[in-house]
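By written order: A, B, C and D. Residues from 1 in each chain.
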Amino acid sequence: MSTVGTPDRNSGWLSEDDLAEARRRLPLLYVEAVPVRVDGLGRVTEVGTLLRAADGSISRTIVSGRVLHGETLRDALFRHLEKDLGPMAFPQLPASPVPFHVAEYFPWPTEGGFLDTRQHAVALAYVVPVTGTCEPRQDALEVTWLRPEEAASEELAREMEGGRGVLLRAALASAGRLP
Amino acid sequence: MSTVGTPDRNSGWLSEDDLAEARRRLPLLYVEAVPVRVDGLGRVTEVGTLLRAADGSISRTIVSGRVLHGETLRDALFRHLEKDLGPMAFPQLPASPVPFHVAEYFPWPTEGGFLDTRQHAVALAYVVPVTGTCEPRQDALEVTWLRPEEAASEELAREMEGGRGVLLRAALASAGRLP
Amino acid sequence: MSTVGTPDRNSGWLSEDDLAEARRRLPLLYVEAVPVRVDGLGRVTEVGTLLRAADGSISRTIVSGRVLHGETLRDALFRHLEKDLGPMAFPQLPASPVPFHVAEYFPWPTEGGFLDTRQHAVALAYVVPVTGTCEPRQDALEVTWLRPEEAASEELAREMEGGRGVLLRAALASAGRLP
Amino acid sequence: MSTVGTPDRNSGWLSEDDLAEARRRLPLLYVEAVPVRVDGLGRVTEVGTLLRAADGSISRTIVSGRVLHGETLRDALFRHLEKDLGPMAFPQLPASPVPFHVAEYFPWPTEGGFLDTRQHAVALAYVVPVTGTCEPRQDALEVTWLRPEEAASEELAREMEGGRGVLLRAALASAGRLP
């Protein structure tokens, strides 16, 4: 289904050292997805967050990952959705490539509020309805589905990695579901 | 599935005379939908147009209709999609209520290029993927599926009612598929 | 500066009785604007709200008004900005006619949260930077400029007419300034 | 006016060799701007293109440049606008960080139509009204202002570098000015 053929993972592949070097020199391009459940009229009814265990602590995040050299944004988005939600999630990628938000993560605190201690990353964020069954893989423990009011709460915002509570609220705002 | 209950069709109902009067006094609110087919990555592959026979001539249009008093935009959009494409089209309404374009139709020629000799109408226009089978009803003769290049052509633009060729191009632009 | 000539205020004019009748039969089309101050890079630094005294109580709102028959959305937006902020506000209307949000006001409580006891109104809402001096006219007492954190607060939301606190937050989200 | 302080140009600086290496390994992040003139109601009246002489041939492009490590999108956009249009252009950066389009440039031909033989670049593209005087610097020969119909023409599209004719049309579509 790729639109430009398989990304060239050889040339796109970076050793740990090279990636560490690139992270000090360039902003890295990410795609992020807020998984949602919708009703028959397309209205968002629930928002999904991923519970993660990392470094001995528990935190929440959304679908997120790097765009590889030679990879389209759609291919990257689909690849990370499958990696984080499993092969049976059946995500409906948006017709438009324009994100609902562009999140700028810096390794230092900024007014924007997004933080990534590893790197300067710019993430194109999308709302993606999923119609199937989510089976989180890799380091995600589970997908938790929340009502819009819960997803917009201060309490949840404190649990979200890197300031992504704001991203959940912006996602709800774009869907007309901000409480 | 209505979000505010059944629209109050009694109070919303207008006699032909009342509607004619309202059309002379107020801009009428419309919703319009460009039906599309998408691939597994959400990319638009085909654009649907409705072939109509009216007043002895043939023309093309998209899904279009009035919003009733008490009716939500989603309910109106779903109602007109079902009316024009049949009950088995299975449209996927967008999560966001923000249209890709707002088309302003006037009964006289304007720079915007949209014309509706009956009235001043303002239409919120959406791109809507349909996953089922379209069986046009009412006065629509058939749904024709076109590749993006065909949908954006000058030739097709001339067949579209009320200047809606521009709307097809704006829909393609919003989907990153303008040739 | 009108794009279609002066709206036809004769045919567009409605007697109080006719307007009351239309309000019971049709959704009315509105434009709304959230006035903002921006810095040299276009970043929103302050959000304006209008303090109003009506029916003996004080409330807050944003720029809001009906679109007349024959009037473009831009003309309506400019007219209401001038009416509410005075002739020296120098608003910068957006290049795009696509609103950041579509607010659906019903005369009864709905999930969307927007309420207008007089009518069913659908408002296209825009963020509009103003660069001049605001001198509220008509029934507006004053324009209050708030920092993004204040504009997004629960406290302010309670003072906003018709549920427009949500609209302020959606405006901030669209500007990447939601706290 | 920077929101995160001066970008760290030491760590962000890349030798020619390092940049060449990065270009083979990572998608590079760009910002692009379509400069426009607007009337008093914010309507786009003219679109600016940059005439360039490179490698002995003449071509047209828009404002375009890389985002540096540690630099915000706004800072990068402002920096490239100043570099390409001069210090007296007085650009009005949009309140929203969401681009009207995301252009994916690959070093090989793709369906999207954007081509950059040097690299895989992803560009966030914005429509930016300029109110002052443009004095192109560096390798740009001049800024040419075109009416919307000219900017959308096939003829102009053939002169635009890297497939950016589509980007001009998408910019016009987002501004409601596609002919």
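Here is the rule we use: a residue touches a chain if its C-beta (ideal position, glycine included) is under 8 Å from a C-beta of that chain, and two chains touch if they have at least 3 such contacts.
Just so you know, these numbers come straight off a predicted model, no measurement behind them.
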Degree value of the rotation bringing subunit B onto subunit C, based on Cα positions, nearest 5: 180
Homomeric contact subunit A-subunit B: same or different residue positions, threshold half: same
Whole-Å separation of chain centres (CA-atom averages), subunit B against subunit C: 27
Averaged-CA centre spacing for the pair subunit D and subunit C, given as whole angstrom: 32
Multi-chain contact residues (two or more partners), subunit D: 3, 97-98, 100-102, 112, 174, 176
Pairwise touch network: line, ring, star, complete, or other: complete
Residue numbers on subunit B that touch subunit C, as the complex places them: 3-4, 11-14, 18, 22, 24-29, 67-73, 97-102, 104, 106, 108, 110-112, 120, 122, 124
Residues of subunit A touching subunit C in the complex: 101-102, 112-113, 166, 169-170, 173-174, 176, 178-179
Residues of subunit D that touch subunit C when the two form their complex: 1, 3, 36, 38-44, 74-75, 78, 92-98, 100, 127, 129, 174-176
